[in-house]
Structures are given as structure tokens and as C-alpha cells.
Amino acid sequence: MTIRLGPNQYGKSETHMLRVTKGGPFGSVHAIKDITISVALVGDFAGSHLTGDNSNIVPTDTQKNTIFAFAKDEPIGEIEEFALRLGRHFAHDFPAVQRSRVSIEEYPWSRIDVNGQPHPHSFVRTGTEKRLATVTCAGDAEYVVAGLSDLVVLKSTGSEFFGYPRDQYTTLAETHDRVLATAVVARWRYGQPSVDWADAFVATRKQLIETFASKHSLALQQTLYAMGEAALTARPEIAEIRLSMQNKHHYSVDLAPFGMDNQNEIFYASDRPYGLIEGTITRDDDSADAAW
Amino acid sequence: MTIRLGPNQYGKSETHMLRVTKGGPFGSVHAIKDITISVALVGDFAGSHLTGDNSNIVPTDTQKNTIFAFAKDEPIGEIEEFALRLGRHFAHDFPAVQRSRVSIEEYPWSRIDVNGQPHPHSFVRTGTEKRLATVTCAGDAEYVVAGLSDLVVLKSTGSEFFGYPRDQYTTLAETHDRVLATAVVARWRYGQPSVDWADAFVATRKQLIETFASKHSLALQQTLYAMGEAALTARPEIAEIRLSMQNKHHYSVDLAPFGMDNQNEIFYASDRPYGLIEGTITRDDDSADAAW
Amino acid sequence: MTIRLGPNQYGKSETHMLRVTKGGPFGSVHAIKDITISVALVGDFAGSHLTGDNSNIVPTDTQKNTIFAFAKDEPIGEIEEFALRLGRHFAHDFPAVQRSRVSIEEYPWSRIDVNGQPHPHSFVRTGTEKRLATVTCAGDAEYVVAGLSDLVVLKSTGSEFFGYPRDQYTTLAETHDRVLATAVVARWRYGQPSVDWADAFVATRKQLIETFASKHSLALQQTLYAMGEAALTARPEIAEIRLSMQNKHHYSVDLAPFGMDNQNEIFYASDRPYGLIEGTITRDDDSADAAW
Amino acid sequence: MTIRLGPNQYGKSETHMLRVTKGGPFGSVHAIKDITISVALVGDFAGSHLTGDNSNIVPTDTQKNTIFAFAKDEPIGEIEEFALRLGRHFAHDFPAVQRSRVSIEEYPWSRIDVNGQPHPHSFVRTGTEKRLATVTCAGDAEYVVAGLSDLVVLKSTGSEFFGYPRDQYTTLAETHDRVLATAVVARWRYGQPSVDWADAFVATRKQLIETFASKHSLALQQTLYAMGEAALTARPEIAEIRLSMQNKHHYSVDLAPFGMDNQNEIFYASDRPYGLIEGTITRDDDSADAAW
């Protein structure tokens, strides 16, 4: 049996760039965009693998330079737009490249208020959440996946867990009142090319959070599905959403040895192990695996 | 020369607790407090070190239990208050303990709005910042240090750096326009026992952020001092503030090879190395080293 | 278009277990195994998602208990064997489960020598590398993927990079002498059911490291392929290997401003961005995607 | 009460440098040193804080350049020597600087063997442990503190914990057989200027590890003291050692619900909370606080 090269890709990962845009009178009002960009290319790179022939290898250093130059050349816009610009360049301007994937993480900042007035050029980092975009370009096909990560939400009641099968290793007690806390990674694929990226992101995020809050939960799976369903119901441009939700266990502390009755008030927050619930909610059978 | 035991301490670190408080009609409106508590005790522990005699050693497991029981017994209140309650217990109720130090980190959460209405029991983690309190109890003396960490702020202009000495290893160009970004750790000691902890925290944080924003900076040192000075000026209950500010370098990218003129618009955000600026701003000579 | 549930899975992640085995006279000679186990199940879980009916949901808490009980019940053996035992149980003993995946990370420890003699029950953690196993069971099919992560290797010469295409964004100079450093994640699928897991792991690891060292490199891609090819050549039981190698850039520092000539002696080790090179080396067309 | 500047310092932190030294015939045999250097300066920096006058501020960028130039200028030697060279330069060559502190972390690498022969220029990262040095220069005074961090050791028996006081919050059972695992940070101050740094480091590390292994433990405090005492007994050049040891709890899993008797074989490794035991073992009353 011959040994041969299988699927492969390469690129520059985690170029961290700050883009300052200067507007207003005399350019004195600034806006910032703080993003990390990762590029991965698929193509005819066998020469490099087999003989060290790099004639098809766009250096990852060039990829980094391209990011900076593109950011200067035109406004970045929303991260989906910037990923599309970069992705099309890499996929179309180099004959050896068959597919590009550009992934961007955006970090949230707010303008600082001073004496109640927005400051023209000072900002504070707000939140742990990241906004995500992943664009895949392959020939004429383009896929845009938006998303968010590090969204941590918690319900202090309104969550049950019962009715599960029991075997000889089951010790968990059924509960009709527990804390439900989760770190959400949500990524959704747009099924149409023309989308108001900013509006769709804000609205989808809002659906996810409000559904988590308001859905009475019999299982984290049920909550996950409801969140995805709400997103797809609200936003027709979304074809599919994939959710990964870490069940951050909060254990009710037994205070009986101290003569106290813990009525789900005192919890120990555990780091590991944790449950991990992952699911896809989709609109139809067009799964578009090439987008992921 | 005899070998002997010098200064020593021990305790339970990073007990992560969620406290749910239930109010409103039928207890249906919940509030949460999400904190990590660390305890360190100084005392007559030589027996444990020298012979394994643990008769003076309050087990760290007991310390953990005490945290949970105290959280149930009375409202936690502000983290300074909870640290005081715990600290006094450890320092006063165990004859062998000479000094207790209780440090608390609090994580920020916001209530989720659903359809514009605050949800009674659903929350979203907001922000990377942590609120800090460290209480030290030693006999009759008590020290309260409040603070915050992971406050990341950035100015896209309004920062210069020039006039520094040059030697044979200096290559840095002077600048009259640079990005100034920093991760702030601020800890301040209260000089009086009775403080409105919540109000003082919010006001001090506001002073730090607004001063960072509005102070034209000739050095990160100057910004640091101005921030501390503003805090002490605004809040007479603060005796001293210690600031540690990581200078998160943003390097302007050279776009000249691509025929572009980068007018401080495109920056590469570097992870390491970084500058680290640390300073104390104090009101008088009462430095109270025992508090830190 | 109907909204529906797509692919989904769930399980308990990162159960961290220490297994002590006691042998020798009076059980006085101990051996330890320090592993983290993650379980993911695929099956008929739509009820939980759609209505909160958990009658098919093996609780993740039960999964954790099962890990502990199985570890007691029989010797763990190599991590591939333990993953197979757990994976078969989850896949075969619960009618609703169609596929199980059990992933194990093992942390390396060495016995401590005291006065040149191996101590019977004292150990020191050695190395950052982790040994990996992932077993997938689906009906009669079983897939075993072994591997390692966090293997960091470096060559201070014997690495070149030239002959790549240049465009308007290329500034990188060609080099015939550079530092090549990489963090390797390698995962390989065994193509036959009966393998001497320990021997195959040790031999494959050795092939990877020795090939990295001895292969003159014209590209990290070439090094990657050579490493995989060596593994497949040496071990017929391996059907396929997937390598992910982070190019940890070391930049030669320009010392000319200080009147010094840096002959590739002084390097700045950069954290980000980094190149990321990924590739599969396979023996034939049997790609067995279900294993990954 | 006047607001004024108190203690302050600044410097460049975490410059990560690889130094390649080329020896043997035609420079073909390489050695590497992989270190991260942090500098902190104390001095007359009030001008920068108060008015932004940087005439006394050696730029942190210059500090970084100096590290690279010094590494080229002479062999680095042991990290204590390199820290001394840098520290003396910063403390003595700039009138405004009153005290310098240079801290170095060194990462362990081993030469790769290929076919049983050491390779001339290929290396593998070995171990999580870091070797540490901190040098403080203030006028004529010089302090050298060596150390190590991330040393993780474990005993599967030979550890007890009993005889501690019990109060209403105590639930911990006394034990005569438990797992003792700890992550050690050890830092020791040399009391004399002329030391064989490498030999002293290796011998001290060996004392720490062998004492951990062989000392029957009634408390982690007792183990800590014994480790420090062994180091001071073996190495007269050490004046004082400070140990910080995280008690990494391993909880014996209750297998009784599964009809199994867990004879300290199956443990759950917990992340948080953890005990933290810290202590100083010293030779005399010369505590030299200025060194730390």
C-alpha cells in the first residue's frame, strides 16, 4: 500500500490587529475595531510536502501583510465583510489555492463616557464574549458562518432534570429545581449571500439570550434546541445553527451538618468535569458541510 | 547557624461559590453573587511544620465549610463585609491564629431583559473585570483593601512618549501620537473603618476610567499617577492606592512597502514583551504595609 | 421550510482521575495512571431536545460514575484499552445510543529516585506532552485513534525557506538558515483491531521526533510529511496519521544598530501570529472519517 | 493631607529570547538557551509620574534591546550570571536608577537522540518545570535568588492528616492514608556572592524532590519544612528558602453505591479549591527582605 499525502491546509493564525478609523471634525472622533484573523488555505501544495518545492506556497508572512494592507485599503466594515474580502483574494488570486477559510474573532469595546459625554478616542473593553465570523471560499461557492463564543448565562431556577434512565452506576437524584449555567458557543450559517451582518448578529444574539432566560428547562438539550429554533424562526437568512453548550455544574452545598437547610441558595461552582451538549438546528436538508 | 522556621501561612484558596438570594413575592425574584474566596492564616503553626502536630491547624476543608455556612447564615452584603465577617472569625475564634487574610474576587453579572422586562432569575455574565476585596485582621487591627483587576482600557490618540535618555542600545523613535492601552489592576486601602463599600467602589472605578480617558498622556507613569490622584481626591476614605498597569504595546504597521501611508490607523497588537508600570499614590506617611 | 434537529451529541467532559495500582510485597509498590476522560454520545436524543423527555438520556453524572467504577473493576491497561471498554459499554448497553466516542488524555509521571533507588510510591510529573486516545464505537464498527499533543521540538539550523511566490504584499526574505520550532499534535488511526498499544505509541513517537531532527527542512510542510511517512513506514498497523504543527516563529534580532553581527544566534520568540500547518498522511483510500 | 507619589517601579516584562551557541567543528554543534527576562527599575522617576518628564526613564524598549545585545556580547552562562550582568548595568549605568531587579525563567530542553546518537542541532522541550533566577542590585548590595516553579510531585501513600481541631464547621475525616500531591514553587537566596550556580541548582532540586518522596508526611506543612531544611543542610551557600506548595486535592471516590470497596485506588483530581501552604526556612536572622 502506497503512502501518500491526504487532505492538508496551512495559513497564518491569530494575527491580532487594531484598526483605528478617524472621523468627525479634523478626524478627532475615533472608532476602533479589535480583531484577530486566522487564514487557512487548501490547494495544490503537494510539492512543498513531498520535495520542499514552495512555488505554490503563499507565505504565511505574506498573508499577515495582506491583512494589514487590506485593512488600510478600504474600511473593514463588519467582520463578515472583511473575511469575504480576504477570502476571495486568497481563493481567487492564487491559482494553486482551491479553498480559503478566513476566521475572525472580534473583541468588544465601548466608548468611555467622561462627565456623561462620550469621549472621542478613549475606550474600555466590555465583556468576555467574542463575535465570530468564518468565511469559506471555494471556486464560486462562498459560505458565511457568523457566531459568538464565551457567552456565559445562568438561571437560578426554572430548570429541572428528571425522567432519565437509571442503571447500576446511577446515583444522581432527580431534581425539579436546579441552577442552569452554561458557556455558549453558537455559530450559524447564512443561507443567502446578502445579509445585514450587524443587524442579523445583534438580533440572533438577542434571541439566544432571551430564549435561554425565558424557556423553562427540562434538559439543557431542550434549552439548546429552543435557542436555535428561536434564532431560525426570527431570522430567515439563517440556514443552520450549531450550538455547543458547556453545562457548568453548580452543586447545592449540604449544610445539614451545620444545622442549616440549604434551599438552593448556596452552590459550589465546579470547574471539571462538565457536561457538554452540542446540537445543530437546521432549516432543511441543505447541510453545507463545506462551510464548517 | 541553626536552621529554623521563618514566616509561614496557609489556607484554602479559590473556593468558588454562587449565592442566590430570593426576594419578591413568593421568593420569585432572585439575585446572585458569584465569588471566589481565598483564606490565608498566620499563627502558631510551628508544631505542624516541625513535628506534624496539627493541633493548631484549622483544616482548609473547615475553612471552605465555614465560607458556605457563613454565606447561608446572614446576607453576604458587599464583598468587603463578607471578608470582614470571615476574617474576624478566623482571627478571633482560634487562639493559635494571629492574623487572617481573606481575599475575594467577584464576577460581574447582569440581569437579562426579556422583551424589555428584567427577568426574575436569568442572568448574563458581563465583562472581564473582577471586583476585589482583601481584608486583614490581626488582633484589634483591621485593614480593608478594595480593588479591581482586568480593566482593559485604550486610547487611540492623546498619548506621547519623548524626552527619554538615549544610550547605545536605544532605537525607539520619539512619538507624539501613539495608542495607549493597558490592563489595570488597582487596589486601594480604606483609611477609616466605616465606608459605603458599594458607593466607594463604583465612584473609584469611575474616577480611574474617566481619568485614563481624559488625561493627555506623556507617559504611562503620568497616567497612572493621575488616575490614583483622582481617586484619592474624590474619595477621602481612601488612604492609599496601588496601581499595576501593563502597557499593552500596539505597534503601527509599516505599510510603505505596499505603497501605503499608515497614519496611525493599522496596529499590530503584541502579546509579549510588555511594559509593566507600578506605583503607589498615598495620602500621607501611614503606609500600613500590614494591609498588603 | 421546517426547522428540525440536526446532528447532536452530549456527554461528560474532562473527568480527571488518578488510578493507583498496588503491587509488590504487601502492596507496597505503587504505580499511577493520571488521565482525563471525555465521553460523547450520539443517538436518539430528539425527545430531550424537543420536549425535555429524558428517557433516553444517560446522565453525564452516570457517565462519570461509570468511569470510576470501570477503573476499579479491572486494570485500566493502556488508555486505548480503557477507552474501548468504556466506549463499548456506552454504545452497546443503551439501546438509544448509536455511537460513543471516548477520548482520554494521559499525563506523564516518572518514579522518583531516592539515593539512586526507585521510590515505591513517589512520583514527579515529567513533561508537557500528553498521550491521547480516541475510540469511536458505532454498532460493530470500532475505530482507535492514538496520538500525542504538546510535543515541542526545535532545530537551530537545518531549515530553509525559499522559492515561494512573491506578490505586492510579500516582504519576507528568503532564508537558507532559520530556526524551526513547532508544537506538534499528532493523531494516528490504527487500521487493525489488535495492536500492542504501548509499543506502537513509543515507536511512533520516536519516529516523529527523530524524523523532525534528522530531516533537512525546506518547508515545515516537508517536515510534517516526512514525519508522517516515517511513522507509517515503521508501523504497518497505522492506517493514517494527521499532524497539526504550529510554526513557532523565532525572529533573528537585528543587532546592527549596536554594531553587532547576529549570525543566527539571538532570536526573539514570538507568541502570535503563528503559522499553522496541517496535513494527513495516509496509506490508501480508506479514510474512515467516522473515526475522527 | 497631601497626596503624593509612593513606591513605584517600571520595566519591560517577559522578553522571550532564544540564544543559540555554536561550537564543535565548523560551529556545527549547537546549544540553546530558552529564557524569558523581566526587568523592574526603582529610582528617581517622580518627574515622569508628576509632569510627564521622561528624562530619567530608560525606555522599556531600550531594556529589551539591551537584553539582546548583552546576550550576543558575551556568553549568557547560567541565568544567575546573565541576570547579574543585566542588573548591574541597569543599576550602575543610569544615575537615576537606585535599584534594578532582573528575573529570568528558563525552559528545559533536551538534545534529541537519533539512532542513539545526540543530534547536533535538534532539541525537544522536556518538562513543565521552570528554573528561576531573580537578581536585585541596589548600590553595592546584590542579592541572588534562585528557584524553580511548576514542579509537580505526588505520593500515593505515606501521607496522613489527623489531630486537627474540630469546630461546628468541621466535617473532614481524619486519615492515615491519603494521596499527597503538590505543585512546588521554591525560591532560595544565596548568602554568599560566589556560587557554582548550576551545581547548586541541581543539588537543591534533588534535595527537594528526594525529601518530598522519602519524608513520611503528617501534614503538608511538615513536608514543606523538611524539604527546605534538607536544602539548607545540604547547601551552605543557601541562606534562606521560601516554598509555596499548592495542595492538589485528590478525593477518594465513594464506590460503595456500586458495591465496590475503594481501597485508596480511585481518586478524583479536583482543580479548585486547593490548599496553599507557604513557608520560609532560614538559617539565621538575616532575612534580607530587599532580595524578594
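To keep things simple, chains are lettered A, B, C and D as they appear, and every chain counts its residues starting from 1.
Basically, contacts are C-beta pairs under 8 Å (C-beta built on N, C-alpha and C of every residue); 3 or more make two chains touch, one makes a residue touch a chain.
Source: prediction; values computed, not measured.
Its C-alpha atoms superposed on chain B, chain A is turned by 180 degrees; the angle is given in steps of 5. Centroid distances built from C-alpha atoms place B farthest away from chain C.
If each chain is reduced to the centroid of its CA atoms, chain A and chain B end up 29 Å from each other.
Centroids built from CA atoms put chain D at 38 Å from chain A. Centre-to-centre spacing of chain B and chain D amounts to 24 Å, using the average Cα coordinate of each chain. Each of residues 15-16, 65, 69, 169, 171, 257-258, 271-272 in chain D touches at least two other chains.
Within the complex, the chain A residues that touch chain B are 15-22, 30, 32, 34, 65, 68-69, 71-73, 109, 112-115, 119, 121-128, 151-158, 179, 209-210, 212-214, 250, 253, 255, 257-258, 260, 262-271.
Those residues of chain A that touch chain D in the shared complex are 168-169, 171, 257-258, 271-272.
Those residues of chain D that touch chain B in the shared complex are 1-16, 36, 38, 40, 45, 48-62, 64-66, 69, 93-94, 160-167, 169-172, 217-219, 221-222, 224-225, 229, 232-233, 240, 246-247, 272-284, 287.
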